[in-house]
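In the two complexes that follow, subunit A is the common piece, with subunit B as its partner first and subunit C second.
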Partner chain A sequence: MAIQETLNTGLNIQPEAEADAVLQRRKYIGMNVLRTEDPAFLTGRGKYTDDVHLTGMLHAAFLRSAQPHARIVSIDKTRALALDGVIDVITGEDLEDTVGPFSTTVHRPEVETVTRAILNSKVALYVGQPLAIVVAESRYLAEDGVDALDVEYEVLEPVMDAEKALEEGSPLLYPEMGTNNFAHIEFQRGDVDECFERADHVFKKRFHAGRFMAAPLEARGVIADWDASGELTVWSSSQVPNLVRTYTAGPLGIAESKMRVISEGVGGGFGMKAHIFDEEVLIPAASQRVGAPVKWIEDRYENLAASLHSKEVIVYLEMAVQDDGTFLAFKGHYIGVGGAWPAHPWTSLIDPLPAASLLPSFYDIEAVGWSIDAPMTNRCPLGAYRGVGWTPGHSARETMIDDIARELGIDPLEIRLKNMIPDGEEFVTVTGMKYDGGSYSASMLKVKEMIDYDGLRQKQAELRKEGRYIGIGWSPWVEPCAWGSEVAKANGFAAEFFDAASVTIEPDGSVTVTTGCHNHGQAHYTTLAQVTADTLGVPFESIRVIENDSATAVYGTGTYASRTAVVAGGAIMRAGSEVRDKIIRLAAHAMEVSPEDIDLAEGKASVKGVPDKVMTMQEIGMLAYYGGPNRIPDTEPTLTATRSYDPPETYSNGTIVAIVEVDIETGKVHLQHIAACEDCGTMLNPMVIDGQMHGAIAQGIGGGMYEDLAYDASGQFLASSLMDYLYPSTTEVPNIEIAHIETPSTVTEGGIKGMGESGTIASPVACLNAIADAISPFGDIKIMKSPIGPNDVREMLRAAAAGSNGSAPATQPADVETRLSQQAEGA
Partner chain B sequence: MKPAPFKYAKAETVAEATALLDQHADDVKVLAGGQSLIPLMNMRLARPEVLIDITGIDELSGIEVNGALTIGATTRHVEVLRSNEVRAFAPIIAAAMRHVGHVGVRTRGTFGGSVAHADPASEIPAIVIALDGELTVAGPSSERTVAAADYFVSTFTTDMEENEILTAVRFPYPLDRARWSFHEVARRHGDFALVGVAAVAEVDDAGVCTRARIALSGVSDVPVRATAAEELVVGSTIGEVAAEAGRLAERQIDPGSDFHASAEYRKEVARALVTRALNDMATKGEAR
Partner chain C sequence: MSSTIDVGTQPTDDQRILRMTINGVQRRGIAEPRMLLVDFIRHELQLTGTHVGCEHGVCGACTVRVDGEVVRSCIMFAVQAEGAQIETVEGLAKDGELNVVQQAFRQEHGLQCGFCTPGMLLATESLLAENPDPSEEEIRDYLSGNVCRCTGYVGIVKSVQAAAKQRSQA
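Take a look at the complex of A and B:
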């Protein structure tokens, strides 16, 4: 086969018939096959980064900035180097000749590239920034060494207010850039002005989506072994081991062929670990310098303060709406509250750009206009986390739709159904996104039935008479998924995205599958084996899936953005179909019938209508590898194929509803129930889908009601331990009821759409809308920020009682144009 | 997140522990359940040079009822929670215990440790105040008893000297005929309270309150009694004065603001919880 021609081009289109044929043979796809991953985890035998122990291994700890913005006058190493067991203290100057910089950008003309030294020991730009590395014989000694470093700071004025950071005269993080704003992007489709002139109502809102993060149970960790022969092995708790190799080999000055990255067990990635982190360069550099393997395990303070924060966007929205609730047009200005630098490689645009790109969601509007600014502030860098900027964008839009529904006296379900695009059909949105069919209205109606919506509204009215306040929060979503080149471009990130899979029948007939995606909780070793089993017609148990190691699996870009079921699933269907063809040809030749007469199922090739003419997969394997003249003449040995897949635009959808009761006197919110209906097209394993929904919804509850990576005005970080960073535990997460609708994609292999993030996109605003719905009898209630805790609920109630609305600010937002022109004047 | 170097000693008797404390008085900490101290040490916010582990001292652990209820200092929270004696003597303790951390914390954390740590937002100190607890404190040469009102000095600070340890908490009054109520608002279940109230009251046959204790957590640098509210309640029918007592409690306190709740919030909630607790006691006699 012409593997070379098709490998990794991202452009090879397989005839639809291949995937359709897989689905016609469906035996495992769609079944709740138990996760083959679980025994290791349940018996304590999962292998995480910290479980790796190498002979002669040293340990690193980082000196991290205590100041949000400061010039580092000096770092005195003397006392640290004098400690017994401290091997080396490394500052930026020590790496100047050996380690190159990171240059981070999104390739589009509106975006400036930020180039920076990976260890900057001269200027501190946020609390937690690495300033020096201490390498010692144990982690304890390394931290003693950090303690013994004497640092002199010259404190600079911190830049904390993202909107003021855009103004002329603001202190600058990078004076040489002349601005804190590394991107200004504008977009318009349709006649926005005309719609706003024609509209019966123009509504405006400012929504400040809070900063929260993945906070995985296993924080990050890097081990590097740069050996005497010049080969580098890196263990990193990453969900993109191949990208770690591709992006760090350059700064480290090593060929990718000499570098291996292993990310075997990863205890939670959630998009946070889909970045390239400074430590993934610095620990290898330290290993090279000290001539020994070096381990660094991120601790909880480092994870909270200095890994990656997400989701913080200030959103100004305007909606042109008719009396009957018809939406005409939306306008938005999205200010991504970035940190000290754009996170590598996606930048902090990963929040505001998807937020803005998806402004219309599935509402059938005539025109849309948006703009984005991306100021850098003295905070931890901002980057991707499950649902990326769709979470803040969705929270802003959907809280506003509830505000409008209340204002116009229309039920929040009705106003959404009224404006929704049709179910089931391909639809090009006003922005140009190509939706591949969905159950937008049907999913809302399904949840309506699940919660007995009409009955619940009656109950709500009755309880209010008793002084009890329950609320119902609607949150229907559409999620761009699979992150192929097209969907990335539709969300503003034009670059090539694909993934690859190899499918091999071994000589004994067992099956090895490798992909470039990464398994860290999503059960790929189960679900992708299901796809393989149905593609090849072999037993599930005969298949082993390998990912998570650049040396043993095919190259690909990793797992993020709800992509693996679509991208790796599609690549396996393609590669597997090639292998299947060869199996059939080999068997047909050996049994002297034509290929059309071969049935391939359960790992056996049999001749139709001749039950005793059968070849096992082992016989076929031996024939393929060692059959010599018995093989089809002129076919090469082996039985393997590698293919890639770059899917077209695909979008999953669904609806989440939260039901809360609010204790008016204390502001305490009891989240009683979550009901959801999701539609990710062809389901591979519904049990795994339920698990993805449960986890993502729990994380969204955190973003809606608990988790807040707050800084004070002086730039000090306030959520530096799990006493203050409050993720929901089992006592805060209610029963979650999940229903499924299957609307297969009209465009992807097998009709699979991506899923996994929607819970975190949609559940925060389900909670917020439920809270507002519960307390709406008390006055003009508008949610203007997230998260909303009991203190915020009481503030809203006090403000409502005093006649003004909402949580903040008291003033009505200026319209988007005025804000932009003010900025333009300022700039 | 590794502690700075320290020396460790495990004491076998109270005398040994207090002698060691006396010897290293400058920079020593007592280790019991370690649920607060060890995280602080790991973050290098606490850097004792010497750690004296008292969990091996048998006489410090155990629950005894002999007219009064005595809980040994190193008795684990989970033992207190599950104790039938405690539940019979003072069910409010078991009710409060359900809000102390989560299972892991309650399994290792100790009753006396929580008292001696003196976090003003934690549950046990408020209970000690509400129940007029007596703290038994041992030093190198003598033992003394400190009244609850005198024990808590300020945040993380008690009346104890560097060379003393808390050996037991004694509750002199059984609550078998008293009414009680415990309420707490925390961000999540098991977190320290934004505001908590522990209230007990005795009521005569005519329904008039003869004795009341209302303790608040989270509103000051120590757990405090809402004395003005108590004075109003005594001599009254509880349900009739619940709302006014709440207002008095709100007026009496001057809480601080932090990242989780404003002072105004804490005042409002203190008022609501005091009223709620009194209404509970007026109607049901007890509450969760």
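Take a look at the complex of A and C:
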């Protein structure tokens, strides 16, 4: 197969589904079309930011704070500037007149605004904060320059304990604010107090969800070329090139029309690269200053210490529950463990606010109440990562439901099914979220069947007799998708969102589609071409999709929050239908029939019932653009339309189950298998959906069991290399089995609901619940934090052994208890 | 700020001209002794298919083959590869045709963002050269030093299995 022939021909389409429609080339949505993107990546021609080389380009490296909280007494540039090849050393003062600040907030009255200099060389607020930029002839020389900077710090007391940061008298990150708390928000629906009074049981829990991060394999990178005519071109490894333009043009003092942002190849983003970073302002500012293009490529230390961390929330939950397991009401207090400042533009609320907003999930409760605090601490800023705060919120709620099920002696599957809202229908939750139909129970039952749940429980009981401990962890989820204005508001973010697409038939009949979303692994050039092909009735191969460049694609806000299939897909359906109407009218006019008689398929307009009356798309294109009087009078020549789409609230759902075996001697957890069933409404390309599920689940396994961005009490960062920050590898991620249910959305274009994040929302707690289930015979096991590593397992076993007052667990407890306590003493 | 920008193209005192064979082609370039092999390949020879994910030998994104051995080019200096035979991702496709392993990765959705892919392909080539019919466990074991942040490895394992099968039938 020659590379130039590896187009997505019909051969690539899996034969099983709807073979006739496919063979007639009339339907691509729902097919496993192979990816248009692949040949470039497979041959090493991916065009990532560091692959770009410009004539005369210089290189930047950053001096970064070694202190979590300090006043910078001085930065002496003398030795650095004396080095051969060092061109410039830039500190905050050098940019005071040219670079404006970032002002970050969420538009609600309860939220503060933090306004800060983008290069602060006076005060350090976390380990890794940029303090100065060295520009040199090579990266090696730039780093030599950084090493030659002499910095004097006056160390200040670090604020590391998020709960203490909220107390009166705590040291402050921003003394002028008078508080460390970025936001305090409260919310209540229904009579919460009455439910808690009426309940047979009130359960309480504190859960500390750990700090982990996207850490894409390609770290960030920025190149800026601010040329002599005042035009600025920026290459940035970003998921949101247009937002980079919109948010950095202001501080840089340049019109957006003079600025182009290119994010062609991006080696993974996962939400982290959906922010606006300081370097995206500072590298253009450096380019302007030195009068040459400047490149900065983030190294792994910078990525781990100083890009963005995510997910850390301390959650206090209370649940009012009846004897029979009926949930009456939930209460929560979410403390988002923020960093030095709110990440721009989503802020650190991106974790606690969605976590709290989705507290009821799909449980049919009568009342809900929650509050949020968002203290800033001397850590790396907290921002979005695949699944945002739904991950910690979900982990806290679902570990607690397992605790309750164990306490009440109800199976964890049963207690969830008992409280679940009905499948298939629209449903307004107690918080006011409008669910657009789903397979909440059906997906659980599907996974029950996939893993032979009853058989597995039997096996579990038998293995326990042999001293082997397997566990089954349930994690059903509902995921707010598409991040249009309504879903954003339902999650507490009062802002407007949309995206846009243009669809153009070129004169030769080929099709160009552009969108404001961003393609970095999700296969948009394939899946959105599938949508276009079906909308227009043209062959897949005739379509080219363009994104990732503010100069060549229509303006939009980028890709994040499981939105592109819904938002760009919907915009393409709208723009495409307009173009399709134009084509039909033109063909009808040319062939002298009425538009209703035109059939548009396979790139041909034919007259129904008259097989030889046909126009190809090329004939239609030429007629439209160059047909002059043969065109319909008073129509414009272009065959194009641009439309935007802001979808209503939409929610996908599904279930993940993890099966583990725990070695109680070492605490080691062997994750044996993951089975999942997902429902994202209309599927565009099942192969791509499976890939998104696999990847997101693997990242969640990392967050549940391995990845921990730890700081010590003095604020030093402990996870500064991939030897300390543990990515799951092939040997930690098991085989993952995915099933699908399709419940099309009742409200979106095409019934598409969106997907991509749910694996990272739901798989951590599937692992945590499986671990607890495995070791539950040893006493009162409750998971209070994530991640859970071997030490934590051993701790829980010790605590359970110490806490059991002689009431023997079901199987061979005494032995193990004694062994554990002996080992504990020996340790 | 110094006023002139002078990017030298001649080796300075501490630089050397290095020669090596990359994908069958004799190449030469200038390197300081401290230049990493991966930087030499990417920036001096402008073969940017080999990637950098960590620069400390953990992620496998920089995997190339040096004299037939799989090597992390971020923990080796360019001067150490003087005269060596080096294979990178750019050498896999022959006469404009994706090779069996590349095709298998496409067929089985073994890549998403593509950043780990060059390293994965090189590691897979080595695995299959050593062990033409690996079990799933052997595949997972061999590739455990190559991180992928996108695929959860499911598609990658399937791709390697498909490539092995395809090669054995050829």
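By our rule, the second predicted complex is superposed on the first by the 777 of 827 C-alpha atoms of A that agree within 3 Å, B and C clash if a C-alpha of one lies under 4 Å from a C-alpha of the other, contacts with A are read in each partner's own complex, and residues count from 1 in each chain.
By definition in this document, contacts are C-beta pairs under 8 Å (C-beta built on N, C-alpha and C of every residue); 3 or more make two chains touch, one makes a residue touch a chain.
Small disclaimer: the values here were computed from a predicted structure and weren't measured.
A.B. asks: For A:D38, is the partner it touches subunit B (first), subunit C (second), both, or none of the two (neither)?
C.D. replies: A:D38 contacts subunit C only, not subunit B.
A.B. asks: Between subunit B and subunit C, whom does A:A601 touch in the aligned arrangement: first, second, both, or neither?
C.D. replies: neither
A.B. asks: For subunit A, which side has the bigger count of touched residues, subunit B or subunit C?
C.D. replies: In the superposed model, C touches more residues of subunit A.
A.B. asks: Looking at A:Y140, would you say it contacts subunit B, subunit C, both, or neither? Reply first, second, both or neither.
C.D. replies: The answer is both, since A:Y140 touches subunit B and subunit C.
A.B. asks: Looking at the overlay, does A:A710 come into contact with subunit B only (first), subunit C only (second), both, or neither?
C.D. replies: So A:A710 only meets subunit B here.
A.B. asks: Applying the touch criterion given at the start, work out whether A:S721 contacts subunit B, subunit C, both or neither, answering first, second, both or neither.
C.D. replies: A:S721 contacts both subunit B and subunit C.
A.B. asks: Between subunit B (first) and subunit C (second), which does A:G667 come into contact with in this model arrangement: first, second, both, or neither?
C.D. replies: The first partner, subunit B, only.
A.B. asks: Output check: A:H53 vs subunit B and subunit C. Expected answer is one of first, second, both, neither. What do you get?
C.D. replies: The answer is second: A:H53 touches subunit C but not subunit B.
A.B. asks: Once the shared chain is lined up, is A:T731 touching subunit B (first), subunit C (second), both, or neither of them?
C.D. replies: both
A.B. asks: Quick check on the superposed pair: does A:R794 touch subunit B, subunit C, both, or neither? Answer first, second, both or neither.
C.D. replies: Once the two structures are laid over each other on A, A:R794 reaches subunit B alone.
A.B. asks: Can you list the residues of subunit A that meet both subunit B and subunit C?
C.D. replies: Correct list for subunit A: 139-140, 299-300, 721, 723, 729, 731.
A.B. asks: Applying the document's contact rule, which stretches of subunit C touch subunit A when the two form their complex?
C.D. replies: Touching subunit A from subunit C are residues 1-2, 5-8, 32, 34-35, 39, 42-43, 46-56, 58-59, 61, 88-90, 92-93, 96-98, 102-103, 105-107, 109, 111-118, 121, 136, 139-141, 143-157.
A.B. asks: Using the touch rule from the top, collect the residues of subunit A that touch subunit C in their complex.
C.D. replies: Interface residues on the subunit A side: 1-4, 6, 34-35, 37-46, 48, 50-51, 53, 56, 58, 81, 86-88, 137, 139-140, 214-219, 265-270, 289-290, 292, 297, 299-300, 520-523, 687-688, 690-691, 693-699, 721-723, 727, 729-731, 733, 735-736, 759.
A.B. asks: Mind listing the subunit B positions that touch subunit A in their complex?
C.D. replies: The contact residues of subunit B facing subunit A are 1-5, 39, 43-44, 102, 185, 187-192, 194, 259-262, 264-265, 268-269, 272-273, 276.
A.B. asks: Would you pull the subunit A residues touching subunit B in the complex into a rising list?
C.D. replies: For this pair, the touching residues of subunit A are 139-140, 143-144, 147, 299-301, 665-668, 706, 708, 710, 718-719, 721, 723-724, 726, 728-729, 731-732, 789-791, 794-795, 798.
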